[in-house]
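Chain lettering (A, B, C and D) follows the sequence in which the chains are written, and residue indices restart at 1 in each chain.
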Amino acid sequence: MTDSLDDLAGRLQQFAIARDWQKFHSPKNLAAALAVEAGELLEHFQWLTEAESRGLGPQKRQEVGSELADVLLYLVQLATALGLDPIAEAEKKLALNEERYPVARARGSSARHSEL
Amino acid sequence: MTDSLDDLAGRLQQFAIARDWQKFHSPKNLAAALAVEAGELLEHFQWLTEAESRGLGPQKRQEVGSELADVLLYLVQLATALGLDPIAEAEKKLALNEERYPVARARGSSARHSEL
Amino acid sequence: MTDSLDDLAGRLQQFAIARDWQKFHSPKNLAAALAVEAGELLEHFQWLTEAESRGLGPQKRQEVGSELADVLLYLVQLATALGLDPIAEAEKKLALNEERYPVARARGSSARHSEL
Amino acid sequence: MTDSLDDLAGRLQQFAIARDWQKFHSPKNLAAALAVEAGELLEHFQWLTEAESRGLGPQKRQEVGSELADVLLYLVQLATALGLDPIAEAEKKLALNEERYPVARARGSSARHSEL
(Lines give C-alpha, C1' and ligand atoms only; values in the text may rest on other atoms or scores of the structure.)
Protein backbone atom coordinates (compact mmCIF):
# COMPACT_ATOMS: atom_id res chain seq x y z
CA MET A 1 0.00 0.00 0.00
CA THR A 2 1.41 3.37 -0.86
CA ASP A 3 1.17 7.00 0.09
CA SER A 4 -2.27 8.39 0.95
CA LEU A 5 -3.92 5.03 1.60
CA ASP A 6 -0.91 4.06 3.71
CA ASP A 7 -1.50 7.06 5.85
CA LEU A 8 -5.16 6.30 6.25
CA ALA A 9 -4.42 2.70 7.18
CA GLY A 10 -2.05 3.82 9.92
CA ARG A 11 -4.53 6.29 11.38
CA LEU A 12 -7.34 3.73 11.32
CA GLN A 13 -5.20 1.22 13.15
CA GLN A 14 -4.43 3.75 15.87
CA PHE A 15 -8.10 4.70 16.04
CA ALA A 16 -9.12 1.09 16.69
CA ILE A 17 -6.29 0.36 19.13
CA ALA A 18 -7.05 3.47 21.20
CA ARG A 19 -10.69 2.36 21.58
CA ASP A 20 -9.88 -1.32 22.07
CA TRP A 21 -12.03 -2.11 19.05
CA GLN A 22 -9.62 -4.52 17.38
CA LYS A 23 -11.41 -7.42 19.01
CA PHE A 24 -14.49 -6.54 16.94
CA HIS A 25 -12.44 -6.12 13.76
CA SER A 26 -12.11 -9.69 12.52
CA PRO A 27 -11.95 -9.87 8.70
CA LYS A 28 -15.38 -11.52 8.81
CA ASN A 29 -16.88 -8.56 10.69
CA LEU A 30 -15.09 -5.96 8.56
CA ALA A 31 -16.40 -7.62 5.38
CA ALA A 32 -19.93 -7.49 6.83
CA ALA A 33 -19.51 -3.84 7.83
CA LEU A 34 -18.26 -3.00 4.34
CA ALA A 35 -21.33 -4.66 2.79
CA VAL A 36 -23.61 -2.74 5.17
CA GLU A 37 -22.01 0.56 4.15
CA ALA A 38 -22.24 -0.38 0.46
CA GLY A 39 -25.99 -0.78 1.06
CA GLU A 40 -26.20 2.67 2.66
CA LEU A 41 -24.38 4.11 -0.34
CA LEU A 42 -26.79 2.39 -2.73
CA GLU A 43 -29.77 3.66 -0.71
CA HIS A 44 -29.14 7.18 -2.02
CA PHE A 45 -29.62 5.97 -5.58
CA GLN A 46 -32.35 3.35 -5.29
CA TRP A 47 -35.31 5.47 -6.47
CA LEU A 48 -33.39 7.84 -8.74
CA THR A 49 -33.34 7.43 -12.49
CA GLU A 50 -29.88 7.01 -13.98
CA ALA A 51 -30.15 10.53 -15.38
CA GLU A 52 -30.95 11.92 -11.94
CA SER A 53 -27.99 10.05 -10.49
CA ARG A 54 -25.72 11.84 -12.97
CA GLY A 55 -26.94 15.23 -11.73
CA LEU A 56 -26.92 15.10 -7.93
CA GLY A 57 -27.31 18.38 -6.08
CA PRO A 58 -24.54 19.53 -3.71
CA GLN A 59 -26.14 18.22 -0.50
CA LYS A 60 -26.91 14.78 -1.86
CA ARG A 61 -23.42 14.66 -3.36
CA GLN A 62 -21.96 15.36 0.07
CA GLU A 63 -24.08 12.64 1.70
CA VAL A 64 -22.92 10.18 -0.94
CA GLY A 65 -19.32 11.24 -0.29
CA SER A 66 -19.78 10.45 3.37
CA GLU A 67 -21.10 6.92 2.63
CA LEU A 68 -18.36 6.35 0.09
CA ALA A 69 -15.88 7.27 2.82
CA ASP A 70 -17.36 4.64 5.15
CA VAL A 71 -16.90 1.97 2.49
CA LEU A 72 -13.30 3.02 1.92
CA LEU A 73 -12.51 3.09 5.65
CA TYR A 74 -13.68 -0.52 6.07
CA LEU A 75 -11.97 -1.59 2.87
CA VAL A 76 -8.65 -0.21 4.11
CA GLN A 77 -9.09 -1.86 7.52
CA LEU A 78 -9.94 -5.20 5.94
CA ALA A 79 -6.88 -4.96 3.69
CA THR A 80 -4.66 -4.14 6.68
CA ALA A 81 -6.10 -7.04 8.68
CA LEU A 82 -5.26 -9.45 5.85
CA GLY A 83 -1.92 -7.91 4.91
CA LEU A 84 -3.22 -6.95 1.47
CA ASP A 85 -2.25 -3.84 -0.51
CA PRO A 86 -5.48 -2.49 -2.04
CA ILE A 87 -3.72 -0.45 -4.73
CA ALA A 88 -1.61 -3.40 -5.84
CA GLU A 89 -4.68 -5.65 -5.88
CA ALA A 90 -6.64 -3.08 -7.91
CA GLU A 91 -3.81 -2.68 -10.43
CA LYS A 92 -3.56 -6.45 -10.82
CA LYS A 93 -7.31 -6.70 -11.39
CA LEU A 94 -7.34 -3.83 -13.87
CA ALA A 95 -4.55 -5.44 -15.88
CA LEU A 96 -6.52 -8.69 -15.89
CA ASN A 97 -9.67 -6.91 -17.07
CA GLU A 98 -7.72 -5.26 -19.89
CA GLU A 99 -6.79 -8.74 -21.06
CA ARG A 100 -10.22 -10.27 -20.54
CA TYR A 101 -12.12 -7.53 -22.33
CA PRO A 102 -10.09 -6.59 -25.41
CA VAL A 103 -11.26 -3.28 -26.82
CA ALA A 104 -12.16 -4.80 -30.20
CA ARG A 105 -14.64 -7.30 -28.79
CA ALA A 106 -15.95 -5.46 -25.76
CA ARG A 107 -16.80 -2.16 -27.45
CA GLY A 108 -20.23 -1.01 -26.30
CA SER A 109 -21.46 -4.46 -25.44
CA SER A 110 -23.31 -4.66 -22.17
CA ALA A 111 -23.45 -8.44 -22.52
CA ARG A 112 -19.71 -8.81 -22.11
CA HIS A 113 -19.67 -6.08 -19.55
CA SER A 114 -22.17 -7.84 -17.35
CA GLU A 115 -19.73 -10.68 -16.82
CA LEU A 116 -17.35 -8.23 -15.17
CA MET B 1 -7.64 12.53 -5.03
CA THR B 2 -3.94 12.06 -4.79
CA ASP B 3 -1.16 9.87 -6.09
CA SER B 4 -1.86 6.15 -6.48
CA LEU B 5 -5.66 6.45 -6.47
CA ASP B 6 -5.38 9.31 -8.99
CA ASP B 7 -3.49 7.03 -11.27
CA LEU B 8 -6.03 4.28 -10.94
CA ALA B 9 -8.90 6.69 -11.60
CA GLY B 10 -7.25 7.85 -14.82
CA ARG B 11 -6.63 4.32 -16.06
CA LEU B 12 -10.21 3.26 -15.25
CA GLN B 13 -11.59 6.20 -17.18
CA GLN B 14 -9.52 5.28 -20.22
CA PHE B 15 -10.59 1.65 -19.85
CA ALA B 16 -14.29 2.61 -19.95
CA ILE B 17 -13.90 5.16 -22.76
CA ALA B 18 -12.01 2.69 -24.96
CA ARG B 19 -14.85 0.15 -24.58
CA ASP B 20 -17.64 2.72 -24.83
CA TRP B 21 -18.85 1.57 -21.41
CA GLN B 22 -19.39 5.05 -19.96
CA LYS B 23 -23.04 4.87 -20.95
CA PHE B 24 -23.46 1.98 -18.47
CA HIS B 25 -21.54 3.81 -15.74
CA SER B 26 -24.17 6.08 -14.25
CA PRO B 27 -23.57 6.69 -10.52
CA LYS B 28 -26.70 4.63 -9.85
CA ASN B 29 -25.28 1.63 -11.72
CA LEU B 30 -21.80 2.00 -10.21
CA ALA B 31 -23.30 2.07 -6.70
CA ALA B 32 -25.22 -1.12 -7.50
CA ALA B 33 -22.08 -2.78 -8.92
CA LEU B 34 -20.14 -1.80 -5.80
CA ALA B 35 -22.81 -3.39 -3.57
CA VAL B 36 -22.74 -6.56 -5.70
CA GLU B 37 -18.96 -6.82 -5.31
CA ALA B 38 -19.22 -6.16 -1.57
CA GLY B 39 -21.54 -9.19 -1.47
CA GLU B 40 -19.00 -11.32 -3.32
CA LEU B 41 -16.34 -10.22 -0.85
CA LEU B 42 -18.58 -11.13 2.08
CA GLU B 43 -19.36 -14.52 0.52
CA HIS B 44 -15.83 -15.69 1.31
CA PHE B 45 -16.47 -15.13 5.02
CA GLN B 46 -20.11 -16.10 5.49
CA TRP B 47 -19.58 -19.59 6.95
CA LEU B 48 -16.21 -18.97 8.59
CA THR B 49 -15.86 -18.33 12.29
CA GLU B 50 -14.24 -15.03 13.20
CA ALA B 51 -11.14 -16.95 14.24
CA GLU B 52 -10.96 -18.72 10.87
CA SER B 53 -11.33 -15.36 9.12
CA ARG B 54 -8.23 -14.13 10.98
CA GLY B 55 -6.18 -17.04 9.66
CA LEU B 56 -6.94 -17.35 5.93
CA GLY B 57 -4.68 -19.56 3.86
CA PRO B 58 -2.74 -18.06 0.93
CA GLN B 59 -5.23 -19.06 -1.79
CA LYS B 60 -8.30 -17.78 0.02
CA ARG B 61 -6.39 -14.60 0.88
CA GLN B 62 -5.67 -14.07 -2.80
CA GLU B 63 -9.32 -14.62 -3.75
CA VAL B 64 -10.36 -12.10 -1.13
CA GLY B 65 -7.77 -9.65 -2.49
CA SER B 66 -9.32 -10.00 -5.93
CA GLU B 67 -12.84 -9.21 -4.64
CA LEU B 68 -11.52 -6.32 -2.57
CA ALA B 69 -9.97 -4.97 -5.78
CA ASP B 70 -13.35 -5.09 -7.52
CA VAL B 71 -14.92 -3.05 -4.74
CA LEU B 72 -12.12 -0.48 -4.92
CA LEU B 73 -12.34 -0.21 -8.72
CA TYR B 74 -16.05 0.62 -8.58
CA LEU B 75 -15.54 2.96 -5.63
CA VAL B 76 -12.92 4.93 -7.57
CA GLN B 77 -15.14 5.07 -10.66
CA LEU B 78 -18.12 6.25 -8.63
CA ALA B 79 -15.98 8.94 -6.99
CA THR B 80 -14.72 10.10 -10.39
CA ALA B 81 -18.25 10.18 -11.81
CA LEU B 82 -19.37 12.42 -8.94
CA GLY B 83 -16.23 14.56 -8.77
CA LEU B 84 -15.46 13.29 -5.25
CA ASP B 85 -11.98 12.71 -3.82
CA PRO B 86 -12.18 9.42 -1.87
CA ILE B 87 -9.12 10.11 0.25
CA ALA B 88 -10.35 13.57 1.25
CA GLU B 89 -13.79 12.11 2.07
CA ALA B 90 -12.23 9.33 4.13
CA GLU B 91 -10.05 11.77 6.07
CA LYS B 92 -13.03 14.00 6.79
CA LYS B 93 -15.02 10.99 8.03
CA LEU B 94 -12.18 9.71 10.18
CA ALA B 95 -11.79 13.14 11.81
CA LEU B 96 -15.55 13.15 12.48
CA ASN B 97 -15.39 9.67 14.02
CA GLU B 98 -12.52 10.76 16.27
CA GLU B 99 -14.80 13.49 17.60
CA ARG B 100 -17.90 11.30 17.85
CA TYR B 101 -16.21 8.44 19.66
CA PRO B 102 -13.88 9.99 22.23
CA VAL B 103 -11.41 7.38 23.49
CA ALA B 104 -12.56 7.77 27.10
CA ARG B 105 -16.15 6.81 26.42
CA ALA B 106 -15.79 4.44 23.48
CA ARG B 107 -13.15 2.19 24.95
CA GLY B 108 -14.06 -1.44 24.32
CA SER B 109 -17.77 -0.78 24.04
CA SER B 110 -19.43 -2.58 21.18
CA ALA B 111 -22.66 -0.70 21.92
CA ARG B 112 -21.17 2.64 20.89
CA HIS B 113 -19.29 0.99 18.11
CA SER B 114 -22.41 -0.40 16.57
CA GLU B 115 -23.69 3.11 15.89
CA LEU B 116 -20.69 3.69 13.64
CA MET C 1 -45.92 -18.30 10.22
CA THR C 2 -48.69 -19.88 8.21
CA ASP C 3 -49.29 -22.38 5.46
CA SER C 4 -46.80 -22.45 2.56
CA LEU C 5 -44.00 -20.64 4.37
CA ASP C 6 -44.53 -22.92 7.36
CA ASP C 7 -43.99 -25.89 5.16
CA LEU C 8 -40.84 -24.46 3.69
CA ALA C 9 -39.48 -23.63 7.14
CA GLY C 10 -40.00 -27.22 8.25
CA ARG C 11 -38.28 -28.69 5.20
CA LEU C 12 -35.34 -26.29 5.54
CA GLN C 13 -34.88 -27.26 9.15
CA GLN C 14 -34.81 -30.95 8.25
CA PHE C 15 -32.39 -30.19 5.40
CA ALA C 16 -29.94 -28.50 7.77
CA ILE C 17 -30.30 -31.10 10.54
CA ALA C 18 -29.70 -34.01 8.12
CA ARG C 19 -26.44 -32.40 6.95
CA ASP C 20 -25.37 -31.23 10.41
CA TRP C 21 -25.26 -27.67 9.08
CA GLN C 22 -27.07 -26.06 12.00
CA LYS C 23 -23.73 -25.22 13.57
CA PHE C 24 -23.08 -22.89 10.61
CA HIS C 25 -26.54 -21.37 10.76
CA SER C 26 -26.19 -18.75 13.48
CA PRO C 27 -28.46 -15.74 12.88
CA LYS C 28 -25.30 -13.71 12.18
CA ASN C 29 -24.23 -16.10 9.41
CA LEU C 30 -27.73 -16.40 7.96
CA ALA C 31 -28.03 -12.59 7.79
CA ALA C 32 -24.69 -12.46 5.94
CA ALA C 33 -25.78 -15.23 3.55
CA LEU C 34 -29.04 -13.39 2.86
CA ALA C 35 -27.11 -10.20 2.02
CA VAL C 36 -24.79 -12.18 -0.29
CA GLU C 37 -27.78 -13.63 -2.15
CA ALA C 38 -29.41 -10.19 -2.37
CA GLY C 39 -26.21 -9.06 -4.11
CA GLU C 40 -26.43 -11.96 -6.57
CA LEU C 41 -30.03 -11.01 -7.29
CA LEU C 42 -29.04 -7.39 -7.89
CA GLU C 43 -26.20 -8.46 -10.18
CA HIS C 44 -28.73 -9.47 -12.85
CA PHE C 45 -30.02 -5.89 -12.98
CA GLN C 46 -26.90 -3.77 -12.46
CA TRP C 47 -26.26 -2.81 -16.11
CA LEU C 48 -29.85 -2.94 -17.34
CA THR C 49 -31.94 0.16 -17.81
CA GLU C 50 -35.14 0.25 -15.78
CA ALA C 51 -37.10 -0.33 -18.99
CA GLU C 52 -35.00 -3.42 -19.79
CA SER C 53 -35.59 -4.72 -16.26
CA ARG C 54 -39.34 -4.51 -16.90
CA GLY C 55 -39.03 -6.72 -19.96
CA LEU C 56 -36.78 -9.63 -19.03
CA GLY C 57 -36.65 -12.58 -21.42
CA PRO C 58 -37.67 -16.04 -20.15
CA GLN C 59 -34.13 -17.29 -19.37
CA LYS C 60 -33.10 -14.21 -17.44
CA ARG C 61 -36.44 -14.30 -15.62
CA GLN C 62 -35.74 -17.87 -14.57
CA GLU C 63 -32.25 -16.98 -13.34
CA VAL C 64 -33.69 -14.13 -11.31
CA GLY C 65 -36.31 -16.50 -9.89
CA SER C 66 -33.54 -18.80 -8.72
CA GLU C 67 -31.70 -15.98 -6.91
CA LEU C 68 -34.95 -14.73 -5.41
CA ALA C 69 -35.48 -18.25 -4.08
CA ASP C 70 -32.06 -18.19 -2.39
CA VAL C 71 -32.95 -14.94 -0.62
CA LEU C 72 -36.26 -16.38 0.55
CA LEU C 73 -34.68 -19.63 1.77
CA TYR C 74 -32.24 -17.71 3.99
CA LEU C 75 -34.95 -15.30 5.12
CA VAL C 76 -37.13 -18.21 6.26
CA GLN C 77 -34.20 -19.89 8.03
CA LEU C 78 -33.27 -16.66 9.80
CA ALA C 79 -36.88 -16.16 10.91
CA THR C 80 -37.04 -19.73 12.23
CA ALA C 81 -33.75 -19.32 14.08
CA LEU C 82 -35.09 -16.21 15.82
CA GLY C 83 -38.63 -17.50 16.38
CA LEU C 84 -40.07 -14.81 14.11
CA ASP C 85 -43.08 -15.20 11.81
CA PRO C 86 -42.16 -13.46 8.53
CA ILE C 87 -45.76 -13.03 7.37
CA ALA C 88 -46.84 -11.48 10.68
CA GLU C 89 -43.80 -9.18 10.61
CA ALA C 90 -44.54 -8.15 7.03
CA GLU C 91 -48.18 -7.43 7.81
CA LYS C 92 -47.20 -5.34 10.83
CA LYS C 93 -44.75 -3.36 8.70
CA LEU C 94 -47.23 -2.85 5.90
CA ALA C 95 -49.83 -1.52 8.36
CA LEU C 96 -47.18 0.85 9.74
CA ASN C 97 -46.28 2.06 6.23
CA GLU C 98 -49.95 2.70 5.48
CA GLU C 99 -50.01 5.01 8.49
CA ARG C 100 -46.68 6.65 7.77
CA TYR C 101 -47.37 7.40 4.15
CA PRO C 102 -50.99 8.58 3.92
CA VAL C 103 -52.17 8.48 0.32
CA ALA C 104 -52.95 12.21 0.25
CA ARG C 105 -49.41 13.29 1.07
CA ALA C 106 -47.36 10.48 -0.48
CA ARG C 107 -48.97 10.47 -3.90
CA GLY C 108 -46.25 10.26 -6.56
CA SER C 109 -43.58 11.80 -4.38
CA SER C 110 -40.25 10.03 -4.60
CA ALA C 111 -38.95 12.22 -1.77
CA ARG C 112 -41.30 10.66 0.78
CA HIS C 113 -40.82 7.30 -0.78
CA SER C 114 -37.09 7.44 -0.38
CA GLU C 115 -37.47 7.49 3.40
CA LEU C 116 -39.15 4.12 3.22
CA MET D 1 -47.99 -17.82 -5.18
CA THR D 2 -50.35 -19.15 -2.55
CA ASP D 3 -52.26 -18.10 0.51
CA SER D 4 -50.59 -15.68 2.92
CA LEU D 5 -47.97 -14.41 0.47
CA ASP D 6 -50.71 -13.96 -2.13
CA ASP D 7 -52.56 -11.76 0.23
CA LEU D 8 -49.49 -9.69 0.98
CA ALA D 9 -48.73 -9.31 -2.72
CA GLY D 10 -52.24 -7.98 -3.37
CA ARG D 11 -52.07 -5.48 -0.53
CA LEU D 12 -48.63 -4.26 -1.62
CA GLN D 13 -49.86 -3.70 -5.15
CA GLN D 14 -52.79 -1.62 -3.88
CA PHE D 15 -50.43 0.30 -1.60
CA ALA D 16 -48.19 1.28 -4.53
CA ILE D 17 -51.07 2.06 -6.92
CA ALA D 18 -52.78 4.31 -4.36
CA ARG D 19 -49.57 6.34 -3.96
CA ASP D 20 -48.65 6.32 -7.65
CA TRP D 21 -45.36 4.64 -6.72
CA GLN D 22 -45.44 2.00 -9.43
CA LYS D 23 -43.32 4.21 -11.65
CA PHE D 24 -40.49 3.84 -9.10
CA HIS D 25 -40.98 0.10 -8.80
CA SER D 26 -39.06 -1.24 -11.77
CA PRO D 27 -37.53 -4.67 -11.07
CA LYS D 28 -34.11 -2.99 -11.14
CA ASN D 29 -35.11 -0.55 -8.39
CA LEU D 30 -36.85 -3.22 -6.32
CA ALA D 31 -33.76 -5.44 -6.48
CA ALA D 32 -31.65 -2.49 -5.28
CA ALA D 33 -34.12 -1.73 -2.47
CA LEU D 34 -34.06 -5.39 -1.40
CA ALA D 35 -30.24 -5.32 -1.23
CA VAL D 36 -30.34 -2.10 0.81
CA GLU D 37 -32.75 -3.69 3.31
CA ALA D 38 -30.61 -6.85 3.46
CA GLY D 39 -27.74 -4.55 4.49
CA GLU D 40 -29.86 -2.97 7.23
CA LEU D 41 -30.75 -6.45 8.48
CA LEU D 42 -27.07 -7.45 8.52
CA GLU D 43 -26.17 -4.23 10.37
CA HIS D 44 -27.82 -5.60 13.52
CA PHE D 45 -25.40 -8.53 13.54
CA GLN D 46 -22.14 -7.05 12.26
CA TRP D 47 -20.36 -6.64 15.59
CA LEU D 48 -22.05 -9.49 17.46
CA THR D 49 -20.39 -12.82 17.98
CA GLU D 50 -22.25 -15.79 16.57
CA ALA D 51 -23.15 -16.81 20.11
CA GLU D 52 -24.59 -13.36 20.84
CA SER D 53 -26.61 -13.53 17.62
CA ARG D 54 -28.20 -16.76 18.88
CA GLY D 55 -29.37 -15.02 22.07
CA LEU D 56 -30.88 -11.68 21.05
CA GLY D 57 -32.89 -9.79 23.64
CA PRO D 58 -36.56 -8.99 22.95
CA GLN D 59 -35.99 -5.43 21.66
CA LYS D 60 -33.22 -6.35 19.27
CA ARG D 61 -35.27 -9.33 18.10
CA GLN D 62 -38.14 -6.99 17.31
CA GLU D 63 -35.86 -4.61 15.39
CA VAL D 64 -34.52 -7.53 13.39
CA GLY D 65 -38.09 -8.65 12.68
CA SER D 66 -38.87 -5.22 11.29
CA GLU D 67 -35.87 -5.31 8.90
CA LEU D 68 -36.69 -8.86 7.88
CA ALA D 69 -40.18 -7.62 7.02
CA ASP D 70 -38.72 -4.92 4.75
CA VAL D 71 -36.72 -7.55 2.87
CA LEU D 72 -39.81 -9.73 2.45
CA LEU D 73 -41.98 -6.81 1.29
CA TYR D 74 -39.53 -5.96 -1.50
CA LEU D 75 -39.06 -9.62 -2.38
CA VAL D 76 -42.81 -10.07 -2.82
CA GLN D 77 -43.08 -6.89 -4.90
CA LEU D 78 -40.18 -7.96 -7.12
CA ALA D 79 -41.76 -11.38 -7.62
CA THR D 80 -45.11 -9.79 -8.52
CA ALA D 81 -43.44 -7.40 -10.97
CA LEU D 82 -41.78 -10.34 -12.74
CA GLY D 83 -44.74 -12.72 -12.53
CA LEU D 84 -42.78 -15.11 -10.32
CA ASP D 85 -44.20 -17.24 -7.51
CA PRO D 86 -41.70 -17.03 -4.63
CA ILE D 87 -42.93 -20.20 -2.91
CA ALA D 88 -42.74 -22.24 -6.11
CA GLU D 89 -39.25 -20.87 -6.81
CA ALA D 90 -38.11 -21.66 -3.27
CA GLU D 91 -39.47 -25.21 -3.46
CA LYS D 92 -37.73 -25.78 -6.79
CA LYS D 93 -34.45 -24.50 -5.33
CA LEU D 94 -34.77 -26.60 -2.20
CA ALA D 95 -35.39 -29.74 -4.28
CA LEU D 96 -32.28 -28.87 -6.32
CA ASN D 97 -30.20 -28.38 -3.18
CA GLU D 98 -31.35 -31.75 -1.85
CA GLU D 99 -29.97 -33.32 -5.02
CA ARG D 100 -26.78 -31.27 -5.08
CA TYR D 101 -25.86 -31.89 -1.47
CA PRO D 102 -26.65 -35.53 -0.72
CA VAL D 103 -26.70 -36.13 3.02
CA ALA D 104 -23.93 -38.73 2.84
CA ARG D 105 -21.38 -36.37 1.32
CA ALA D 106 -22.45 -33.03 2.74
CA ARG D 107 -22.64 -34.03 6.37
CA GLY D 108 -21.00 -31.37 8.54
CA SER D 109 -18.73 -30.11 5.80
CA SER D 110 -18.52 -26.34 5.59
CA ALA D 111 -16.47 -26.69 2.39
CA ARG D 112 -19.42 -28.14 0.46
CA HIS D 113 -21.77 -25.84 2.23
CA SER D 114 -19.89 -22.77 1.16
CA GLU D 115 -20.68 -23.52 -2.48
CA LEU D 116 -24.32 -23.12 -1.70
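The rule is short, and it goes like this: a contact is a pair of C-beta atoms (placed from the backbone, for glycine too) under 8 Å apart; a residue touches a chain by one contact, two chains touch by 3 or more.
From a predicted model like this one, the values you see are computed outputs, not experimental measurements.
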item	value
Repeated interface matching B-C, over half of the contact pairs identical, chosen among A-D, A-B or B-D	A-D
C-D against A-D, pair bridged by the larger set of C-beta contacts	C-D
Chain centre separation in whole Å, for chain D relative to chain C (CA means)	2
Separation of chain A from chain D, taking each centre as the mean of its C-alpha atoms, in whole Å	25
Residue list for chain C, restricted to those that touch at least two other chains	24, 29, 32, 35, 38-39, 42, 45-50, 110, 113
Complex contacts: residues of chain B adjacent to chain D	32, 35, 39, 46-50, 110, 113-114
Parts of chain B lying in touch with chain A, wherever the complex brings them together	2-5, 8, 11-12, 15, 18-21, 23-24, 26-29, 31-32, 34-35, 38-39, 41-42, 44-45, 48-54, 56, 61, 64-66, 68-73, 75-76, 78-79, 81-84, 86-87, 89-94, 97-98, 101, 103, 106-108, 110, 113
For the chain A and chain D complex, residues of the former touching the latter	24, 29, 32-33, 35-40, 42-43, 45-47
